[in-house]
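Chains: A, B, C and D, in written order; residue numbering restarts at 1 for each.
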Amino acid sequence: MSNKTFNAQVRVTLKNGVLDPQGKAIEGALGSLGFEGVNQVRQGKTFDVQLEASSKKAAEDQLANMCEKLLANTVIEDYAVSIST
Amino acid sequence: MSNKTFNAQVRVTLKNGVLDPQGKAIEGALGSLGFEGVNQVRQGKTFDVQLEASSKKAAEDQLANMCEKLLANTVIEDYAVSIST
Amino acid sequence: MIAAISKICGVTPLLAWHTDSTLPDSDLIIIPGGFSHGDYLRSGAIAARAAVMDSVREVAEKGVRILGVCNGFQTLTEAGLLPGALMRNAGIKFVCKEVKLSIANNRNPFTQGYQLNEVIRCPVAHHDGNYFADAKTLQQIEDNEQVAFRYADGTNPNGSANDIAGIFNTKGNVLGMMPHPENLIEPAHGGIDGRRLFEGALNLLKAELA
Amino acid sequence: MPGLVAPAHAKKKNMTVNNTHPITPQLIADHGINDEEYARIVELTEREPTYTELGIWSAMWNEHCSYKSSKKWLKTLPTEGPRVVYGPGENAGVVDIGDDDVVVFKMESHNHPSYIEPYQGAATGVGGILRDVFTMGARPIAAMNALRFGEPDHAKTRHLVSGVVSGVGGYGNSFGVPTVGGEVEFHPRYNGNILVNAFAAGLAKRDAIYVSKAEGVGLPVVYLGAKTGRDGVGGATMASAEFDDSIDEKRPTVQVGDPFTEKCLLEACLELMASGAVIAIQDMGAAGLTCSAVEMGARGDLGIRLNLDDVPVREDNMTAYEMMLSESQERMLMVLRPEKEGEAKAIFTKWGLDFAIVGETTDDLRFSIHHQGEEVANLPIKELGDEAPEYDRPWIEPGVHNDQEPHLFAPPHDFNVALIKMIGSPDLCSRRWVWEQYDTLIQGNSLQLPGGDAGVVRVEGHPTKGLAFSSDVTPRYVEADPFEGGKQAVAECYRNLIATGAEPLAATDNLNFGNPEKPEIMGQLVAAIRGIGEACSALNMPIVSGNVSLYNETNGEAILPTPTIGGVGLIDETDKMARIDTADEGDVLFLIGTEGTHLSQSIYQREILGEESGPAPTVDLIMEKARGEFVLAAIRSEYASACHDISDGGLAVALAEMCMASGYGMACEIDVTYPHSALFGEDQARYIVAVDDQWADMFAANSEGSGVSFARIGSVAGDRLIINDLIDISVDDMKSCHESWFPTYMAGPAVAEAAE
């Protein structure tokens, strides 16, 4: 079974209700820079992952697994996986 | 002029060629967790920003401006803005 | 930490490598501070998934005493051995300073050398020490009296929920704490408030020996 | 010599710029090479250099690596002493501290990179200096950082302060070295060119020191550490060029630091050295592979042959030029004992680092570089370093200012208001906001933290010894009088070490100046070096390492001349140290030295009168030494319950600082001719010593006996600082003012580091 190369994006964001000191600090800094109308900022992470897998489905499964095991701390974070190519 | 509320996503990623120690460490950790076929991991940031603006265009301009001034370190990072709602 | 332990108990502790699959037979396992793997991804995240942590989990279940200080605390939460998570400090910056700790539970080997509600001095040095747990978990921790130390006298340096500086697991044999008691164990450090924690955990307290 | 003509067929499609790139006058100029230098290069190469060769010459001959403008003058510095094991020329200076232990230290600038990208610039500055220290086999035990920013109100300053401080902390904290001291100052002359000078010190056994000199032909040259990318290609060239507004175009040269890799590299290197596998080792700093390889070969009278195909890279299609000039961080080059290869490799693999044999030593004194089956460079290795131009640049003797008598300065309307204003001013306020972002405690050996006169760490493994570290210079004095200012920088450093009870051992210097092609700037450099040399000789503090950073100018305006001095002192018995904060109720206060008179260039003149003018205070080095030795003896005999030197802001500020540190007040009666100069004059060679009441008479008698000027000026009492009928302020009021400037300032708008 030959593998294909996939370019995936993983987005890890804080769960609702989890405080986000960095997001808060950015809100404050944006305000002090004169940006108005900013209601909320939440900071998260992205991972651009290039991986080999037998199929898109296999790649997705593997990425979800990576999130569960390492990329996200599921106590405080949610994740979303998308494969671009 | 009445403002609308927009939910935007900003993605900030390292420019090509800039060393990404975090991505490299994650690659290593995925390897030792037994994930195979991972060619590369690059870590970036996301910001979920909720803001008020007069139009989608105005919101986009403002977000680009925020990236230039604060959210991205344009010496080593690129950014992309997208507005979901 | 190694030097501190040697000074306190006169024995040099054994070291375990992150890829080891077994741990030496010991009374106390310490996961010290420091930026494991650069704290890339999340503080303690990669260390928590090191091979040696499987053995740590195993012996923790058997009741061996485990102490995680600073990065060690972050690692224990990331590994699921302690509840909650340690987020970026509320002030965003790394903070190194002395704080006050009050002893929230002294019915435990680690804290038995202190009086209940006693206030001690202790330095902190971390970037991600802001203790977070969801409301339900927090309630459980409080109900089970799992809080070991709280920042006292308005010295909470990082925004931790309920001023939590250190917690036990439910069994009480695992302690994680952000402050560094090992940096206040001899007069040259300007105080010895941290000493009793190790003495308690290592069964070196006079009361216990008697 | 083997005729190396870049063959036309050498075109490799996958290279961004191939080695046959034509050598045009513009290209030569872009490499910072002038006509005369190029002519010499052609002569030494014995033909037109290839593109890669041009890069190599330019890296070796630029100011940063060759010291071509300063070498002539640096040679005049005293660099020897009974304790000096290695002076300048190695990666760091090595000084004997007894018991077979040595302290290894150096200071280095990362000014330009930090202005372009403050976090990474400062971080990699710290990384670089740590590497200099552990390359020699020493484990880093202390770090300092001397920072100079533009005026607080300048649009960029807050952002730069924020980024630099978090970068210094980000790297040092993660690496695990305590930051025990430093400096932070603001001045408009740094608006377009900040200074980030990083110091590191390490500890080693005397017989376990490693140097860069290779020995033996046909031995493997090994590449260690992180992979090579395109980071900082041309970085050293940039550091030697003046800034102009086109700076943005130079941005891609920014390097990113990886402190975790560095920590692994430290452990791996020390393990490797202990295994006996290392013949010579050199870190890859400025001009990376080029500088390190040339140095190892030239020092050992050997040639070096490199095969770039074996260099671990992290990017595709890297050219020879890029690989030779890359400044990717966390890398080392080593000459290995071949029989130890397996063992050495295992160590590096264990620490997760690259280990690759990339070449060998040869006997032909050539620097020969191969890439993809071709020789892309073949140059005479000794000439690359030894024949670097050395300039005797024209210079003019700096002018002198007439002395200004105290009565020519207006007294303050209210002394209390003046003192409060001074201790809450940007340059005198507490730096707590800065140092609390640094791990000052890691390693468990810190005995004195930032906030006193010098940082002190224990010598691990020794029951009583400690090392003291201080970093000092007063740029406004150097500007007013480069010679006296140079002396003063050393003297203040000496004094700060003495004030903790340390015997000053040696120093490192980081000479930050403007464009040396301007005779008045060159004059500053020459005079400052003369002053530093004189003071170092008189005070027995040889210069054992250092760094020169020139061309610190923006749009033609130079920074204040800033020769930073990093000093190291030895404390034999750490339980007899003195500190700034240990004055106790009832202690008697002594002023060592005489009444203050000098208000020119003082903080009083600047903050209260709004002026910076006149001469710098002069330093009487004989008196400096006599008083220093007296104070040191007093501390070692345990007379001093607290001690502090008098520097910026004069006597009143020094007393205020001791009050704030201990929490006690003081009641002082001093003789004054002119109250404002007595309180705020910045005369040199002075200390305050607090002495337990029961020893006070004895201390006074000793002072008499040793002939140092002194005055009994009061005692520690209550919770207010009271001086004659001039000053009466509560310690709490002083504290809140002293502590608030920095956090308040930094809470202002536009700090980008939130998103870090």
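To be clear about the criterion, a contact is a pair of C-beta atoms (placed from the backbone, for glycine too) under 8 Å apart; a residue touches a chain by one contact, two chains touch by 3 or more.
Just so you know, these numbers come straight off a predicted model, no measurement behind them.
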{"item": "A-C or A-D, whichever has more C-beta pairs in contact", "value": "A-C"}
{"item": "Centroid distance [mean C-alpha coordinates] between chain C and chain A, Å", "value": "30"}
{"item": "Distance from chain D to chain A - Cα centre to Cα centre, in angstrom", "value": "40"}
{"item": "Centroid distance [mean C-alpha coordinates] between chain C and chain B, Å", "value": "35"}
{"item": "Contacts with two or more other chains, residues of chain B listed in rising order", "value": "21, 25-26, 28-29, 33, 43, 45, 47, 69-71"}
{"item": "Residue numbers of chain C (touch at least two other chains)", "value": "37-38, 40-41, 46, 49, 92"}
{"item": "Sequence positions of chain D contacting 2 or more other chains", "value": "258, 260-261, 750, 752, 754-755"}
{"item": "Chain contact graph, described as a line, ring, star, complete graph or other shape", "value": "complete"}
{"item": "Touching residues on chain D, where the partner in the complex is chain B", "value": "116-117, 119-120, 226, 229-231, 251-252, 254-258, 260-261, 314-315, 328-329, 352, 750, 752, 754-755"}
{"item": "Chain C - residues contacting chain B, complex", "value": "19, 37-38, 40-41, 46, 49-51"}
{"item": "Chain C to chain D touching residues, read off their complex", "value": "1, 3-4, 33-35, 37-40, 92-97, 123, 125, 127, 180, 182-183, 188-189"}
{"item": "Interface residues, chain A side, partner chain B - complex", "value": "3, 5, 11, 13, 23, 26, 29-30, 33, 35-53, 62, 65-66, 69-71"}
{"item": "Of chain A, residues touching chain D in the complex", "value": "22, 25-26, 28-29, 32-34, 43"}
